[in-house]
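Next come two complexes built around subunit A: one with subunit B, the other with subunit C.
On to the complex of A and B.
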């Protein structure tokens, strides 16, 4: 299998392979330019005659389930990150595969976390050929150093659904860790000792994988209600003692920031949205789990409360703060893709206005619409932004791959996309001449807000017009870049070899950029 | 230690929690040239620049044989320069100073009677807290060489503070330094006075001789270096003796803008503890307010140390304002806004000030020597104070710049009556 081949310059001017892990690829053509043809992928037709009439699909162990599912060399195994850093299952799967002497697996997680550093040994010994998903921290570094056997592929949450739906990625075995399930395989994330909220990231896998295994520590008699995952898609159910560590779904970034600098950026962002007329009765927004984003949500809620307004919906990553707004009547709905704390889990269980969603409903680019485009404003992060408003979320300025894309690319389609970022981190300027890795095209990124000034994308003449005469520190993005470089000095670019180690998919499955192998330290 | 061969010295900070700082370790050797090693989280972007900078500094001090290791946690160039200079000066006796550019943004002067509601304390050896201090818009920033710096770090802190004064844009905040207690503090002046410091805080001030010594030293340095421009003083009273001599201190020199009280040390000196209610310091605070007012300068209150309790801070500010203070210190940027909002004139004060200023303008326009409002005559200091209140309200966004035009439209003429006296 060819790791990658036939590099071409795509529409963003980035050099990308057109063959990745033996499969032909389409280079990025521009926003909305690639029009897919053909029909969606589909799993094999099953017959209920092959499944027990009593509805009991339980098997004793995960190993039994994997063996029955036909685990063999070269297969694609998917897992999900509903437990975030508290996932206990992915590592076990590859322990089993290793024990069975199976090689060359493609791991297709919806995201990876620091707890998966454990898998490096299986990437080294060939049990796992490659990761197609996010590569965080140590896994990213491993990839950047060119050590992964296959080529890494990074997709957004919506892109992952699209890839499965379009048949770009065929999942052989999906293993879905579920906080509650019945023996038939109906499952949810809201109940049970390891409740994590919802199981939206596993929706595509349940629908399209050849074999689907549910693994749970809370087996209830049929029916498991609500059934976020339908048992009709499920082959086997495994009961274990512990399926995940729910306390670890809370990460350090789910608290409001105490940093005065970030609070200032949050406040500027809220003021900007207010002056731009974005905040109004019935508006909608998405604010992620970062400390700055959460603080912006607090400012939004204060404005709503003061004026007696209500937001129509919050697109979330939910945690205690949007939940509080929902309970105080400051917002009518939370459309939730991922719960970030146990308050979010509780609210989703109790409150009909707190709705579970999947990447299909909110992010899939190859659907008949998706509601990312209807959100009035989204607040996102970035490791780098360039003077053309292009942004990077996966690599750092030293060239190392360290983060996944998450729903970031998908959110760019909102009516107004704002990146509140510090002008520099320690000595690292955030605004560059050119991003190290292109993840989001500048035409979709509207405003950059830093502690030292706000830059509006020149394409957004409407916003520029609205902010005329404002007391906010509106500057050009070049001016902001110069300010940072005056303080930090002009940074050198990272040194790469000519070897590609991973590709970045755009939301439509085309390749928007390559991640290159870093040169080992010279001096 | 100085002048000895193959001695090593260190300066700066390193470790997992250290950010925007660096740690330099230097050994001066007899031969074999310069051996420089850099361990930096920004090595890919700035490794060459850092190397070049170190070579330049070693060269400036005439060092051609040395082993220098820098552990860098993303320090800005002014910090690297300070750390390398400090480590050199721990081993080499020299009069030379490696001065980074004094950026044009930092060449401003401040006025004696400007508002000093808030002044933000920044520990002198912790550069990462300094870098963004100005964006929070305190009236003043204090680079502290005294209590916030551990005794064994005081030497190296001087270079950080000096370089910060030259290189960090504090966006218009008054640039203050708290020197060490006199006499040690006098040596601090040598390093900071040539870097356009606006105001010096004299800690634990116990009498006018402290002030006079500081001024003599400042004048001497100014003369030697050919520096013009005002350097203001803010003595801090932190002892029972200082309190008793508050008026003497307040009137010790013309360039004193204000006197502050430091309650931690004062209560310790009294043999009591500082409480939320502050009964134990009521006398001292009133004394300081009285002395300052009698001397025509600003009385400034102590810091409030619970940085998480904004409501208690607000109550503290209101109590402070009620006692007659014009401002207070802060130890966290989050405190700045609460201090500004609550020291700021309230609506009733603004209304009154508007009437007085308006009456004054009208009297001036009519060529009248004396201003009165209703049946009350208004003295010049009252007018001045009202003007300050109005300007302040404008700068805080509490009053429109066009307030007078708007006022003339709203208020019937007879309400603002201008009469000449007798």
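On to the complex of A and C.
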């Protein structure tokens, strides 16, 4: 298998391979430029005649299920990340694969977390060939150091659905950890001791994988209500003692910021949205789970309360703050893609207005539209932004791959995309001449808000017009960059070798950039 | 297009064509014998780039939507029947097609009703080539008289999903009448002035049709919650004044029987289930919407109440009676496929335990199992039964095609299938040497209950054993037939020509029987 071949310049001027892990690729063509002409992936037709008459699909162990599913060398195994750093299943799968002497697997998680550092030994011994999915923290560093056998492929949540739907990634076996399931495989994330909220990231896996295994610690009699995963897609059900650690779904970033600079950024963002006329009765927004984003949500909620308004919906990553707004009647619906704390889980179980969504409904670019375009304003983070409003979320300025894309690329299609970022981090300016890794094209990024000023993308003449005469510190992005460099100096570029270690997919499956192996000391 | 070709004998000994409307067919091979080897239908990959940025897919009229969808000669147009005899849309579609001079359409409804008699003029003038779907009442008679240009194809609800999923029927344009929708096309049946309950019969259509049109009289701002149809599958949304007559979803058969004979049959059925040990704490059942079936449900509910038991679930066609049981705590869940009255609609809107299902979850034989096999006992009707327990639901003993199959074939896979039928109707014995049309193979039909006795299928040795020593009037089916013939005489066979007018599909897409043109007086 060719890890990758010759590099070509894509429409964003980035060097990208045209073959990745043996599969031909399309270089990024520009926003909305690539038009798919094929047909969706077509799974084999099943027959009830091959499934138990009484609907009971349970098998004793995960190993039994994997063996029955035909686990063998070179297969693609998928998992979801609703347990985030509390996932207990992915590591077990590869322990079993290793025990069975299976080699060369592709792990296709919807995201990986520090708890998966454990898998480095299997990446080293060849049990796992590569990860296609976010490579957060230790796995990202491992990849950046050029140690992964295959090439990493990073996709957004929507891009992951798109890749499976379009047949670009064929999943042989999907293993879906479920807080509650019945013996038929109907499963949900809202009930049971390990309730994690929802299972939307496993939707594509359930629909398109050849074999689907549900693993649960809470087996209930048929029917499991609600069913977020349809048992009609499921082959085997395994009961274990513990399927995940729900207390670990809480990310460290879901606390409101206490930094005065970041609070200022949050305040400026809320004021900007207000003056731009974005905040209105019936508006909608999506704010991530970072500390600044949470504070912005609180500003929004105060404005709504003051004026007696109500938001139509919040797209979330939910946690206690949107839940409070829902329960106080400040928003009609939470359209939730993943719960970031246990209040989110509780609310999804109790509130009919707290609705579970999936990458299909919210983010899939190869659908007949998706929800992302219908959000009035989205607040996102970035590790770097450049003077053309291009942004990076996966690598740091030292070149290390440390984050996944998540829903970030998909959200850029909202009616207004704002990146509230500090002007510098650890004396490293965030606004650069060019981003280390291109994740989002500048034409989709409307506003950069820092503690020292706000830059509006020149393409958004409407916003520039609306903010004329504002007291807000509106500046050009060049001006913001200069201010940062005046304080911190001009930053050095990260040092790379000429080896590609991973690629970044755009929402349409084309390759928007490459991630390069970092040059380590002594090399 | 070859309407049909030479006839062959299938595994049930029935003569069936091997080509139907130009498409090659597989004759029925026996229960569970046909193993599909292909892949599911693969719809074209869409792109958000081709859909409105703001998610607003509304177009002014149904005609506009049909024209934009590319309506042309020979296409397949699908509709659903959740409004039953109150459907206002199907007739409009073909008015528009006729106005545009379009010919040779295939109408693929999930069922047709007497209100669609209006379409006979379009069947006559060639606007519609044929109906593939149930042909109730006037359309059935029209077909039986050999007047339809193409060959009729009757499928069960599950078989319809299977046919679409498997690519056997390709839908060009699906028109989905929805009581509530948002401009993106998220739609449901529970809200709005024309609320009809759910939209499950349109699920396959939304997933697999090339173009999907939602037509509604209640357009709400995004997001329409709940969404039973995903807007991500929808191309166009049309707002009209009235989408359906919800009061007409009430079928004349959803009233409890007052006939003493039928009440006796209902009582015998309940007693049989009790003595067979089927009724227990946590059991499940499905009873149709006929008068006898409703009375059986009432007997069941009385037994549960008396003993302090609770059913786990009722599979329904819901109406006021199961709803009352749900609200009185006599059953945990109603798994509902279509609502038969407005109490059903209300309950689905209000009760989290009243869950909407679809032919995919409940009936699709080409899934990884389905719900039908998990029902403890199902109570179904039949127009005829033969001495081998084979049954007919589509034609009457005079040979006329007057009913659709509905979920009837799919339900036969329950743990115990009971047909409570009168021994004769209008002095015509119901038990025959051979059924006029074979819809369900005898090996899946366990018990026949008449007012003069109960016949247990000899294959069900377990049931025969359990009922040993019972006071219930257990008899052989031959004995029941003789009793009927003693009273009514030996019935004459219907008179047919040698022309096939329609075929009956089995749940796996094979052809189980043909429907023959009736011999009319003077011919």
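Here, the second predicted complex is superposed on the first by the 521 of 523 C-alpha atoms of A that agree within 3 Å, B and C clash if a C-alpha of one lies under 4 Å from a C-alpha of the other, contacts with A are read in each partner's own complex, and residues count from 1 in each chain.
By our rule, a contact is a pair of C-beta atoms (placed from the backbone, for glycine too) under 8 Å apart; a residue touches a chain by one contact, two chains touch by 3 or more.
Keep in mind that what you see is a predicted model, and the values were worked out from it rather than measured.
Colleague: Based on the superposed arrangement, let me know which partner A:60 touches: subunit B (first), subunit C (second), both, or neither?
Modeller: neither
Colleague: I'd like to know which partner A:427 touches here: subunit B for first, subunit C for second, both or neither.
Modeller: first
Colleague: Tell me which partner A:308 touches in the superposition: subunit B (first), subunit C (second), both or neither.
Modeller: In the superposition, A:308 contacts neither subunit B nor subunit C.
Colleague: Per the contact definition in the header, classify A:451: touching subunit B only (first), subunit C only (second), both, or neither.
Modeller: Only subunit B is touched by A:451; subunit C is not.
Colleague: Touch check for A:264: first (subunit B), second (subunit C), both, or neither?
Modeller: The first partner, subunit B, only.
Colleague: Quick one: classify A:101 as touching subunit B (first), subunit C (second), both or neither.
Modeller: neither
Colleague: Under the stated touch criterion, which partner chain does A:469 make contact with: subunit B (first), subunit C (second), both, or neither?
Modeller: Once the two structures are laid over each other on A, A:469 reaches no partner at all.
Colleague: Can A:222 be said to touch subunit B (first), subunit C (second), both, or neither?
Modeller: In the superposition, A:222 contacts subunit C only.
Colleague: Residue numbers of subunit C touching subunit A in their complex, please.
Modeller: 32-55, 57, 165-166, 184-185, 212, 221-223, 225-227, 230-235, 282, 312-313, 333, 335, 352-353, 355, 360-361, 364-371, 373-374, 413, 415, 508
Colleague: Quick one: in the complex, what on subunit A touches subunit B?
Modeller: 260-261, 263-264, 397-399, 425-428, 451-452, 487-489, 491-492, 494-495, 521, 523
Colleague: Can you tell me which positions in subunit B touch subunit A when the two form their complex?
Modeller: 19-20, 38, 41-49, 51, 73-77, 128, 131-132, 135-136, 332-334
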